[in-house]
Amino acid sequence: MSGIDRDGAALLPSPTVVEGRRVPLPREPGTLRAFWRRLRARRSAVVGLVIVVGLVLMAVFAAWIAPYDPTETDWGAVRAAPSLAHPFGGDEVGRDVLARIVYGARASLGAGLVSVALAVSLGLPLGLVAGYAGGWVDGAIMRLTDALLAIPFLILAIALAAFLGPSLTNAMVAIGLSATSTFVRLTRAQVQALAAEEFVEAARSVGNPPWRIALVHILPNIVPAILVQATLTIAAAIIAEASLSFLGLGQQPPEPSWGAMLNVAKNFLDQAPWMAIWPGLSIFLAVLGFNLFGDGLRDALDPRGRT
Amino acid sequence: MLRLSAACLIAGVLLSTPLSAQTLRYGMMEDPDALDPTLARTFASRMVFTALCDKLVDIGTDLKPVPQLATAWELSSDEKTLTMHLRPGVKFHDGEPLNAAAAKFSIERHLKMPGSQRRSEIAPIDAVEVVDDLTFKIVLKAPFAPLMAQFTDRAGMMVSPKAAERLGDKFSTAPVCAGPFKFVERVPQDRIVVERFPDYWNKDQIHIQRIEFRPIPDATVRLTNLRAGQLDLLERLAPTDVPQVTRDAKLKLGSVYELGFQSLLLNPAKAGSPLGDPRVRQALELSIDRNALNQVVFNGEFLAGNQWVSPKHPNYVKEYPVPKRDVAKAKALLAEAGQPKPQITLSVYANSEAPQVGQVIQAMAKEAGFDIKIQAADFTTLLDMADKGNFEAYLYSWSGRPDPDGNTFSFLGCKTPLNYTRYCNADADAALQAERGTVDTAKRQAAWKSLADRVLTDRPVVYLLHRKLLWAYANKLTGFVAYPDGLARFTGLKLN
Amino acid sequence: MLQFLARRLALAVPTLILASMIIFALQQLLPGDTATALSGEERDPEVIAFIRDKYHLDRPLPVRYGYWAAGVLGGDLGESIRLQKSVSELVAEKLPVTLELACLAMLVALAIGVPMGILSAVRRGTWADTLANGVALWGLSIPNFWLGILMILLFSVQLGWLPASGYVPPSESLWENLKAMAMPAFVLGNAISAVMMRHTRAAMLGVLGSDYVRTARAKGVSPLRLVLRHALPNAAIPIITLGALEFGQLLSGAVLTEQIFSVPGFGKLMVDAVFNRDFATVQGVVICTAATYVGLNLAADVLAAAVNPKLRRA
């Protein structure tokens, strides 16, 4: 299990659980279809997929869905209660909360996807090198990863975001860098498990160079595990982005982000609770979607390992 | 795990001390910094000092100095020598007497201690001389009008020479002053506890046994705690929460307009900034509706202003009333300047209110053609940026000083430390030298007028609002008076 | 076994040194320094220069790291410039608070997670399993700070049952203390309960499928007795191991929860210190949490290795 989301400390999975279990790739073409069938058979996975796709569509077509410009202010609607004109109410400077929720999906999903992409693109090569090369290279990479994991995630992210300057892009970088260790450890563990397998031995005995073995024989086999971890980490990254925005280190005003909206809303809990309820619900939904889908993906890829 | 939890609990029990009755629990916005009057630098620590450290003079509700540790004072006719007479029989918390020698020690400590935050406030002091046991003379290098006002604040606080010598720069860990309460303990970020000093010179007026200062940064949370009975008094109530307090029969509200200001610093020196053109700065000011800003963000509780002191202050320059919003004129000015769509970055502190103010200004200025980008950052980042002059527009607040000199000299004089926009104008500088050079009211007012002539046209600073300082307290607390310096006094307070 | 322990310990040292270097270097990259943060409203240039000089802030990075590291080796974590207190004292003062919060949160997590995990393993595939998984997903997906806000809204603002914040030491009033800790502990424990439930479920499923449980079942041992006496003790080791790891993360993971409920613990100390550029405090607290984290990991590994000798080669 991973994607533990307490406080966005989230990106630190319990490595002992993730590592060591190798998720095998469906190698023959027929199994790919079987995998899709298994995925569809899991109702929760389908629900997750529907939520994720729905939110992605909302983010992409925000301009058509939102009833107002998300930054347009209306002094008459300052902290206004939900009404026909503003179904989700108005915010602290009279903007439409619904419009901001719709546009806010861009920041949240974008942050989830981009930061995890960054973490994978850094973590995967490092993990491959560490796992396959072994020796002092492995030692150096692993000590660095351990050190990063030992620093409380949010502190690392706050320091990075403060150093880079508060902005959504920099928050993504901060989250991505903080999540890299997870992928290094996962990749390395998978590589080590695979390196002992017969087909790798065989490839080695025919004289394939190490880089070729790593890229052609090992990499494709660890993709499923990475994919599962990535999906679950997206869920955690969305929360991390919200946490940083909640501390004022993410999306800059007036652009909307769910975390930033919550940050302001906490000052008006008594007078304008709708300002807190909708963005929180949106984060919950998005994270739930990715978690459901990630769980389903893992089960479908590894029917035996269903725990 | 159970056993571990039990161990944790017991550890917690052993690590803290009990609490007695008749305690005033005071909810504050920030955790104060060092509790040493010489080194302290925050508004929060001043709130605690009103309990711990008495000053030579206090400030009256009319902003004039009134006796506290000093009962009388005379200024020589050349305004260069101030003679002060101390109250007889005053003791420090350690039993040491407060005499002229102790006063001389305290003032010299403010002047000479390495890292002193007070030195610049009273720099014109040349020497302190003991006349007799209870009289001392302050000799100035040049006439310095704000001196008495400085003595109403930390520069006028007296510390026990014995304790100060013993503790050195660790004085803040166990401050020993001559205030109504003495220091008991401090748990950083959690509480500061003080208790009634039985030998206080005005002890008959002190009815509270203990005060617990509790930092709770979030205004909503402070109020929730007050309503739940976990606090008796809180400062800096959010203006948007005023209706909740007035509605609640168990709570009372105290308020006073601050001595400081909220302003927009415009940096013409920032390379490539459209703000280099005075017409653009004027257009920006004209695009802002101060009253609407006040209404939207602060429920109309604050006061629109355009100068370093509020329109209600005796030194307000009446020739320059608060300007009205004029979008058409702003557009015309931008067109004249050849910059119909100027792009400006506005830096704000990432707290709960400043980004809101920034966004309202952003929306208002947009109607005149401005494209404002907001950058919210933590305060250290902002200070670093301000120190280096590395900003275009900066939403800046100043807590204010009793004498208007404290709101102007360091901000508008050439090469002064708070002059973040590097404003330097010979006329303005001369006006500042003139106002601090005399205590004559008419001459000073003329100086304020000529300062306004320059500054309100050059606009290195656009003054926007003056906050209303708001306290909420349980109605069992009586005798509360809102002082203009924003600090609650504990003299005369009663918990029934 | 001893050799294994020694090897693991040897690995922990460079990890901690690296962690301290990373956080040290990172802090120096932040805009402004302690002097900027501490020179106050007045910003007297002489004061700024004095602070920089006094705390060696103007020296090169490696030199400053040297000062700090030398102090740590001598058992001195340095002094918080802002709070004018030694970092060791601060740690001793804040650790019990965070420890209490973490303990209570762990209790919440175990109280929810373990029974649910057992239930869903024993009744695998039934509605109970589905429900337990649903609760776990809720715990994993709900943002902590939002749950905190909602709870404040309900229990403090609407009902007025619990204080929104304000830590009360247990010595002052144990009841008030528990009341103040109830919400933060639940919020923090809620997320872990999902993890504990999943761990428990996995461990129980593994044990329930083993030969000796099947034998016991064949012998006619009652289902309740089977679960409690035979299966659970065997499943307990991985649960405890993983629980220890989670606990390590709780200590460092309570940052936002402490922020929302104004609990004066480690997390709040750290965040405030980062914003005030109070380097020594950040450094000291991070090293303590990192050491706890590494230590608990080590303990978990050792425990796992003690049970499963095959792991000792790792």
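A, B and C label the chains in the order they appear, each numbered from 1.
Everything that follows uses one rule, which is that a residue touches a chain if its C-beta (ideal position, glycine included) is under 8 Å from a C-beta of that chain, and two chains touch if they have at least 3 such contacts.
All values reported here derive from a predicted model rather than from experimental measurement.
Chemist: Starting at subunit A, how many touch steps does it take at minimum to reach subunit B?
Modeler: Tracing touching chains, the least step count from subunit A to subunit B comes to 1.
Chemist: Can you name the chain that lies farthest from subunit B, using the mean of each chain's Cα atoms as its centre?
Modeler: Chain centre farthest from subunit B's centre: A.
Chemist: Distance-wise, how many Å sit between the C-alpha centres of subunit A and subunit B, to the nearest whole number?
Modeler: It comes to 44 Å between the two C-alpha centres.
Chemist: Which integer distance in Å separates the CA centroid of subunit B from that of subunit C?
Modeler: A distance of 38 Å separates the two centres.
Chemist: Using mean C-alpha positions as chain centres, tell me how far subunit A is from subunit C in Å, no decimals.
Modeler: About 21 Å separates the centre of subunit A from that of subunit C.
Chemist: Identify all positions of subunit C at which a residue touches two or more other chains, and write them in rising order.
Modeler: Residues 30-31, 152, 157, 275 of subunit C each touch two or more of the other chains.
Chemist: Residues of subunit B that contact two or more other chains, please.
Modeler: 218, 220, 378, 381
Chemist: When you check subunit A against every other chain, which residues touch at least two of them?
Modeler: In subunit A, 162, 266, 269-270 touch at least two other chains.
Chemist: For the complex, which residues does subunit C have touching subunit B?
Modeler: By the definition above, subunit C touches subunit B via 30-32, 36-47, 50-51, 54, 80, 82-85, 90, 92-93, 96-97, 99-100, 102-104, 106-107, 110, 152, 156-157, 160, 163-167, 169-172, 174, 177, 243, 262, 264, 268-269, 272, 275-277.
Chemist: Under the definition above, what is the set of subunit A residues touching subunit B in their complex?
Modeler: Residue positions touching the partner: 71, 73, 75, 78-79, 92-94, 162, 165-166, 248-249, 252-254, 264, 266-271.
Chemist: Which subunit A residues qualify as touching subunit C in the complex?
Modeler: 1, 3-9, 12, 14, 16-17, 44, 143-144, 146-156, 158-160, 162-163, 235, 239, 242-243, 246-247, 262, 265-266, 269-270, 273, 276-277, 279-280, 283-284, 287-288, 291-292, 295, 307
Chemist: For subunit B, which residues count as touching subunit C in their complex?
Modeler: Touching subunit C from subunit B are residues 1-2, 4-5, 8-9, 11-19, 31, 33-34, 40-43, 114-117, 119-121, 170, 172-173, 187-190, 214, 216-218, 220-221, 224-225, 227-228, 230-231, 378-381, 383-385, 387, 398-399, 410, 417-418.
Chemist: Report the residues of subunit B in contact with subunit A in the complex, numbered from low to high.
Modeler: 218-220, 238, 240-241, 244, 292, 295-297, 350, 352, 355-356, 358-360, 362-363, 373-378, 381
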